[in-house]
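These are the structures, in C-alpha cells.
In what comes next, chain A is part of two complexes: it sits with chain B in the first one and with chain C in the second one.
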Partner chain A sequence: MANHTPLSVPSEEHGNAVILCPTGRVDGTNVAILQGAVRERIDAGQTTLVFDLVELNYISSAGLRVLLMSARDLQSHGGKALFCGLSEQIKQVFEITGFDKILAVLGTRDDALGAI
Partner chain B sequence: MTPSARSRLSMSSRILVVDDEEDLELLVRQRFRRRIRKGDLEFVFAHNGKEALEQLEENPDIRMVLSDINMPVMDGLTLLSQLESADADVCAVIVSAYGDMANIRTAMNRGAFDFVTKPIDFNDLQVTIEKTLRHIEMLQEALASRDRLVALRQELLVASQVQTAVLPAALPVTEHFDVHASMTPAREIGGDFYDFFSLDDDRMGLVIADVSDKGIPAALFTMVSRALLKAAARNHASPAECLQEVNELVSQDNDACMFVTLFYAVLDLRDGRLVYSNGGHNPPRLVRGGEVQEVPATGDIALGIALDHEFHDAELPLQIGDSLFLYTDGITEACNAAEDEFGEQRLDDLLHELGDDGAVGTVEAIVSAVEEFAAGVAQFDDMTCMALRLNSTSSD
Partner chain C sequence: MPHNDVDISLHPELTAALTTLAEAVEQFADRESLGESVPFNLNLVLDELITNSISYGLPQVDEPLLRLRLSRNGDTVEAQVEDNGPAFDPFEEAPQPDTEQELDDRPIGGLGVFLVKQFTDDSFYERDGEINRITMRMKLET
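== the complex of A and B ==
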C-alpha cells in the first residue's frame, strides 16, 4: 500500500476569504494534509474558507469528516465554510451521505464567492 | 518506554570493573574523579569473575562490565560465557595484553562488545566507555520501542478479536430466507459492520454500516453505533425511529465529527414486506428476476452529523425469489494497480449476471470478483457485503 496518495492543497486569497483547492485524492492516508492546511488558516484567524473541490478526484469518509470538522470549527469562531466545484462523483458522495444538506454547497467558485 | 527502561536511562551509568590488581580501583577513581563527582559515572569493583557475578546480582542496573582476562577463581573469558548463557543485559569490554589476539578473538566470540589493551591508555578507555554507553542507550531505546510496538500490536489484535466477536458468528437460518455476509478489514481493525438479528418470530433486522475513517477511534465508534442500534431496534418498530434515536445519541458532543452511514431494514417474514431507513449509506441493490435496481433513498443523512435530522421510513415489498445486496464503498471503490475503481457498473453487471444465485453464491462471487479485480493491491478501505434471498413467506 502506498504511504500517501497524492494530495496538495493550493490556496488563494480573495478579499477576506481564502480559497482552498484540494487537488488529487483525499483518503485516510493523507487526510492529515488537508486537516493541516485548514488548521493553519483557522489558527491564522481566517474566518471564511471556500473549498473549491473542482480538482478533487475522490474523497473518502475520513475526508468528509475533516470537511465537517472544518465547517464546525469555523462556525464556532463566527465564520463559515463554503463548498463549490463538486464533480458528479463528489456530488454523489455528498448526496448519498447527506453532507449536501449539512454543508453550504454552491455551484461554481464564483457562486461561492458571491455568497460570502 | 517501559518504566524500568526510562529509569535506567535517566540514572547515572554504573560500570563494573573486574580486575585482580588492587591499584586499578585507585587509578580508575583518580582518572574519572570529575565524572564520578558529577554523578554521571559510577564504578563498582570486583576482583574476579565470581565476585563480578555477585556484584551484578546485587546491582541489576549495571549495564557495562570492564573485565581483565587473567584472574584467580574465575577468569574473564569464563565470566563472558556465564554472562552470555545467563542472557545478561550488559555490555562487556575486555582488557587484554597487547597483541593477545587469540584471547581477544575468544572474548569477541563470547559476546564482548569491545576491548582495550594493557597497559591501559585512559584516554582510549574514556572513549571506549563513551562509545559503549551510547551503544547501550541506543539498544535500550530500541528495546523500549520494540516493547511498545509489541504492546500496541497486541492491543490491536485484541481489538480486532473483540470486533470480529461482535459480528454475528453464524447468521440465522430458516427455510424462508438465506443470508450470507463477508467482511475484509483494510487494517487490523475496521470501521464497517453488518448485523442480522431476529426481532421476534416474524421480523428480522438487517444492518450494514460504515464508520468514517479507520483504526481505533473508528472501531470504538463502530462498537457504540452497533450496540445503540441493536438496543433501539428492540424499542422501536420503525427503522427511522431507530436511526433517529441512534443519531441523537451519537451526535451529542461529537467534537471529532465521527459519523456512520447506516442502512437498517426490518423484514416481515409473514408477507416479505421490507421497511427501511437509509442513513447516508450506499443504496443497496434489489435483484428481481435478474434485473438490478437501487433500493430508493429515504432522503436521510449519515448518523452523527446533524442532531436534529428527522429520519424517514420507506417500504419495499419483497417477492419470493428477490435478493437484496448490501455493501460498503470498500467494494465499489476497490482499486487495481492502474488505480481504476471496481465501480458500481461492474457490481450491477455482475449482480445481473449472477441472477438468482442465492446469498452464499452472490457474496462469494462478488468478493472474489473484487479480489480478482484488485489483483493483490492492498486496499485502503474495509470491504463488506451481505446478501439476503427471500425463499418463501411464513404465511404461505
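== the complex of A and C ==
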C-alpha cells in the first residue's frame, strides 16, 4: 500500500509563474486531477507553468500525455512549460520517449525558475 | 514453480486493477529485492497493458477475465497479462511513435506499447483459445 498514495497537485505562485508539484502517483485512474489543475491555470490566463516532479512517485503514459498536451497548449498561447525535479526513473521515461528533447527539462526547481 | 510467484485475477475495473497491480508489483519487488528501476518499469508496462485491456477489449465481452502473473527465473523477471477480450495483438496494431518529432508534431497517443517494447528485453503476444496472452521478460542488472 505504501506507494499507492493518491494524487494531489499543490501549487505555488512565483512571480509570473505558477509551480505545480504533482504529489503521489499519476495513472489512468486519476490523470483528470492533473489535467484539471493545469486547465484551471491556463484558463485563468497563466502562461508559464513549472512542473516540479520531485514528489511524483510514478507516472504512466496517461500522465505523460497530459504533460505533453499541457506544454503544447501553453506554447500555442505564447507561454511555456518547464519541468524539473525528475527522479532517475522518470528521467529514463522522458529519455526513452524523447520527451527530454521536446520539453524544457531542468534539474532543480531553482534551475527551472532561473530559466524562465 | 517457486511458491513466491504472483498469479492473481484482477477485477476488470481500472482503479481496482491498477491498485492491485501496484501492490502486487511492490510486494514482488520487495521479496525479490529488485531495487527501484525494475519495479517502476514493471508497473509502467503492466499498467499500459491492463489499461488497454480494460478500456478496449474487455468491455466487449460478457464475463471479462483479467489475470496477472509475475515470476523470477535467475536474472530474468517474467510478467504475463491475460484477458478474454477479442483477439488483439497490440504489437502488430499499435502505431509506432516517432520520438524525434517536434512538440507540435508529436501525436498524443501511441506511447503505451512503445514503452512496453523499450522497457522489456523480450515481449510477445499469443492467442490461446479465447485468451489474449502477453508475455514480457526483463533482465535484471547483475
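Throughout what follows, the second predicted complex is superposed on the first by the 111 of 116 C-alpha atoms of A that agree within 3 Å, B and C clash if a C-alpha of one lies under 4 Å from a C-alpha of the other, contacts with A are read in each partner's own complex, and residues count from 1 in each chain.
Rule of thumb we're sticking to: contacts are C-beta pairs under 8 Å (C-beta built on N, C-alpha and C of every residue); 3 or more make two chains touch, one makes a residue touch a chain.
Note that the coordinates shown come from a computational prediction; the quantities given were computed from them, not determined experimentally.
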| item | value |
| --- | --- |
| When chain B and chain C are modelled together on chain A, clash or fit | clash |
| Partner touching more residues of chain A, whether chain B or chain C | C |
| Which superposed partner A:Asn16 touches (first chain B, second chain C, both, neither) | neither |
| Chain B versus chain C as contact partner of A:Leu68, first or second or both or neither | both |
| First, second, both or neither for A:Ile96, with chain B first and chain C second | both |
| Which of chain B and chain C A:Thr108 touches, first, second, both or neither | neither |
| Partner chain(s) touched by A:Ser8 [first = chain B, second = chain C, both, neither] | neither |
| Residue range of chain B overlapping chain C upon superposition on chain A, of 134-142, 278-286 or 314-322 | 278-286 |
| Footprint overlap on chain A, comparing chain B with chain C | 1, 27-29, 58, 60-62, 64-65, 68-69, 72, 96-98, 101-102 |
| Interfacial residue positions of chain C with respect to chain A in the complex | 14-15, 18-19, 22-23, 26, 36-37, 40-41, 43-44, 47-48, 51, 55, 97, 99-104, 106, 108-109, 111-112, 114-115, 118-119 |
| Residue ranges of chain A touching chain B (in the complex, touch as defined) | 1, 27-29, 31, 58, 60-62, 64-66, 68-69, 72, 96-99, 101-102 |
| Chain C partner contacts - residues on chain A that touch it in the complex | 1-4, 25, 27-29, 58, 60-62, 64-65, 68-69, 71-72, 75, 88-89, 92-93, 96-98, 101-103 |
| Touching residues (chain side chain B, partner chain A) in the complex | 191, 210-215, 256-259, 261, 279-283, 297, 300-302, 305-306, 309, 329, 333, 378-381 |
